[in-house]
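The two complexes that follow have subunit A in common; it is paired with subunit B in the first and with subunit C in the second.
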Partner chain A sequence: MSAISTQGLGKRYGSKWALRDCTIEVPEGSVTALVGPNGAGKTTLLQLAVGLTRPSAGDVTVLGLSPRDPALLARVGFVGQEHPLHRGFTVAETLKLGRKLNPGWDDALAHERVQRLDLPLDRTVGRLSGGQRAQVALTVAVAKRPELLLLDEPVASLDPLARREFLNSLMEAVSETGLTVILSSHIVAELERVCDHLVILAEARAELAGPIDEIVAGHRLLTGPRTEATAVARMHDVIRERHTERQTTLLVRANGHVYDADWELHEVDLEEIVLAYLGYGASRPLAEAVAR
Partner chain B sequence: MIWVGWRQQRAEAAIVAAMLAGLAVVLLPTGLNVASAFDAGHLASCTGARPSQSCQQAVDQFLVRFNGLGGLIAWLTLLPGLVGTVLAAPLLVSLEQGTQRLDWTQSITRRRWLVTKLGLAAAAAVVAAGVLVLLVTWWRMPFVRLQGRMDNSVFDSEGTVVLGYTLFALGLCTLVGVLWRRAVPALMVGFAGYFAVRILFDTVVRQHLLSPLQATWRADGPAPASAQHAWVLRQFPSDRLGHLAPFDISCAHGPAIATNCPSKPVGGYMHAVYHPASHFWPLQGIETAIFGGVGLAMLAFAAWWVHERVS
Partner chain C sequence: MIEFHLETRSGVPTYLQIVQQVRQAVRLGVLRPGDQLPTVKDVVGTLTVNPNTVLKAYRDLDREGLVEGRRGVGTFVAEDVAPLPPGDVQDLRSGLEGWIARARGAGLDDDTMAALFMDTLRPPAIRSVA
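Let's turn to the complex of A and B:
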């Protein structure tokens, strides 16, 4: 069964579509990265999945249920952008909130995590560091014992060290509890270490979705003498092309093997693939031209 | 959820409790003072329709002495609005900071969250209004025995209307806040709106909630008993044939039937249109129902709006 399945999902604010025609499947048991630039619709997609907003078009089901189904509430955990917590609550009170509002609350797990992460129980949330706040928010979401955990930009506001610690403790939680996780990010670095699935959102649409190893295996970088990409484009999807005076570089999603003596084949890493889909790569030739 | 709801608004509850405690600190000693002056002057025997000359003097002395205090107490009519505004704050601050997303993604429904939070706020409003009414009513008892309680400045802070006002302010501030989504300006606008509606009721609406009585009596005779401690809307003298006589403006309005109008036409008649003291509870009931009903309706609409429209 899919953890999340969307069909032509869309959300409009006024006349502007924050998310449009989004059809994806996120398999249960996966750790999925939802990647895209700011404003691509990541937050909207997660808020639709967790029932905070309602779709303007299409459908979304979560663990086979509608997001607003009360039976779903206890089964889905959510850490919102900027880790919304009550700033006047102490850490202990924040855990008490979790205990009071969740029938499946695992108090032992919550306190064990707090102790391991050295979070001060009697300090108010407003006086914690950004990294500590993120850890408290994650603790509440994990101790709820959900089957599915959604995290919206959980590491965006953290420094590199706190980011690494946060992702480590997330992975520990995943390995301990077997959660399905979807986390959104506009930062690609580190995600490959944590995630096994990827959904790329750009300009309010889903551009690419699938297991990361298949995605990486399915993309190739072709280099060869300067030429047009038309011949390659007949067989494969050209995601990005770059031309210098003598050389052409193509990033393609290969449909089957690429047999072409004219091109030299290279493997590409995930970050480069993601950047190409997000369109950052396309602007590079222009930048180079300007520099010259 | 009750613990969570209480934890989220205990600061505001403490502010309201502190306001009431501060008020009690002022009202208790001065109230005891007023009561002992009332007893010392034997004013309890002066509350009839036709007080004796010595009584009149003692009453005047008493009223002059405590006039300033009584005027200050009239300002307490702003307090129900303030209490409602403060108690509306926690929900609006939560929505402004986005912390409702934490609560709503635990295992409770929005409905339960809203019912608990707004229910606690409304309960706190009821308790605060009750304490306020008890304090002020006790403090003003001697004045009410001498002057009645139909005057706006008294009517507004006794009986049940205070409860209606508090719920109205709570509902108005909550509704403005959830629609506007900016807590502080919404609370200020809500309080200003509350004040405007209150002024409208005091000056225009209240007198039409019930039809007033009309009375005519010989100008050299006593006013009818029902006019004692009445809220006089209009009063004018006429000659024997009922033609309007020239009159002093001070005889036309006022909280009580004027007994010593200089232009009282000898042999003529006095006419008055007034709400007698017996209209106190009917007027209180109607006004409480209007303010309380509208306040609760606004709370319900705000709750529906949050349930359906807020992410």
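Let's turn to the complex of A and C:
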């Protein structure tokens, strides 16, 4: 079953589409990254999934139910940007509040995590470091024992060390509880380590979605003498092309093997692929040919 | 017990890096039949990787018969895997070390040595003309 399934999902604010014609499946048990620049529709998609806002078009189901089904409250966790917590509460009080509010609360898990992460129980949330605050927010969300956890830009405000620590404790939570995770990010580095699925959003549209291994295996960088990309484009989707006086470099989504002897083939890493889809580096003459 | 490392910019998928490191460790006798691989939780903790990735690597290794998953216990190098005799490996390694010293003396850098080795390894028909 899909944890999240959308069909032509769209959200319009006034005349502007924040998300448009989005059809994706997020498999249960996956850790899915939602990547794209600011304003691409990541937060909108997450808010639609947790029922914080209603779609203007299309459908979304979460664990097989409508996002506003009360049965989902205990089964889905959501951590918004900036890790919203009561800043005047101590860590201990924050956990107590979590216990009171959530029927499925796992107090042992919450305290074990707080201890392992060395979080000071008697300090108020407002006096914690950004990294510690993020860890408290994650602990509260995980101790609820949701089947699905959505995180909106969880690492955007963290320095590299706190980011690694946060992702580490998130992965530990995944291995301990088997929960499905969707996290949005405009930072691409490190996502390949922690995520197995990817959805790329750009300008309110889902440009690419699927298992990361297949995405990486399915893209190639082609270099060769300067030429037009038309012959390659008949067989494969050209995502990005660059030309110098003598050389042409193409990033393609290959439909089967690339046999053409005129080109030298190279593997590309995920970051390069994502940047190409986001339009970094050159024009995308065949944008409409990119499979959705 | 071995510890895995990741090269994040290599373009090689994470699960494949784990698979290759286990294969290499078994080939070189670092891992021997019956040795336990790190638990999924340990790998997740040390590398900050997705547990599904580690599971996928271990499943692949299981399928090729190199390791055996024992439910609730862990993953172990298969008993019928024949490692190289450690003496032979040591012997071959010191032979290579001698060769490397000679190559370095002749002014070859690491990349050139690797290229020469890989080129010699290939069947003669597709070897580049020296």
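Here, the second predicted complex is superposed on the first by the 282 of 292 C-alpha atoms of A that agree within 3 Å, B and C clash if a C-alpha of one lies under 4 Å from a C-alpha of the other, contacts with A are read in each partner's own complex, and residues count from 1 in each chain.
FYI, contacts are C-beta pairs under 8 Å (C-beta built on N, C-alpha and C of every residue); 3 or more make two chains touch, one makes a residue touch a chain.
Owing to the predicted nature of the structure, the values given are computational and were not obtained by experimental measurement.
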item	value
Three-chain arrangement built on subunit A, subunit B and subunit C clash or fit	fit
Contacts of A:17 with subunit B and subunit C, given as first, second, both or neither	neither
First, second, both or neither for A:263, with subunit B first and subunit C second	neither
Per-residue contact with subunit A, leading partner among subunit C and subunit B	B
Partner chain(s) touched by A:277 [first = subunit B, second = subunit C, both, neither]	neither
Subunit B versus subunit C as contact partner of A:103, first or second or both or neither	first
Partner chain in contact with A:89 - subunit B first, subunit C second, else both or neither	first
First, second, both or neither for A:167, with subunit B first and subunit C second	second
First (subunit B), second (subunit C), both or neither touched by A:52	first
Apex subunit A: angle to the C-alpha centres of subunit B and subunit C, given in degrees as a multiple of 10	150
Closest approach of subunit C to subunit B (Cα atoms, Å)	25
Sites on subunit A touched by subunit B in the complex	47, 50-53, 70, 73-74, 76-78, 80, 82, 84-89, 93, 96-98, 100-104, 137, 140-141, 144
Complex interface listing, subunit B residues touching subunit A	1, 3-4, 7-8, 11, 94, 97-99, 101-109, 311
Contact set on subunit C toward subunit A in their complex	6, 8-15, 40-41, 44-45, 47-53
Residue ranges of subunit A in contact with subunit C within the complex	29-31, 164, 167-168, 171-172, 174-176, 190, 192-196, 212-213, 216-217, 267-269
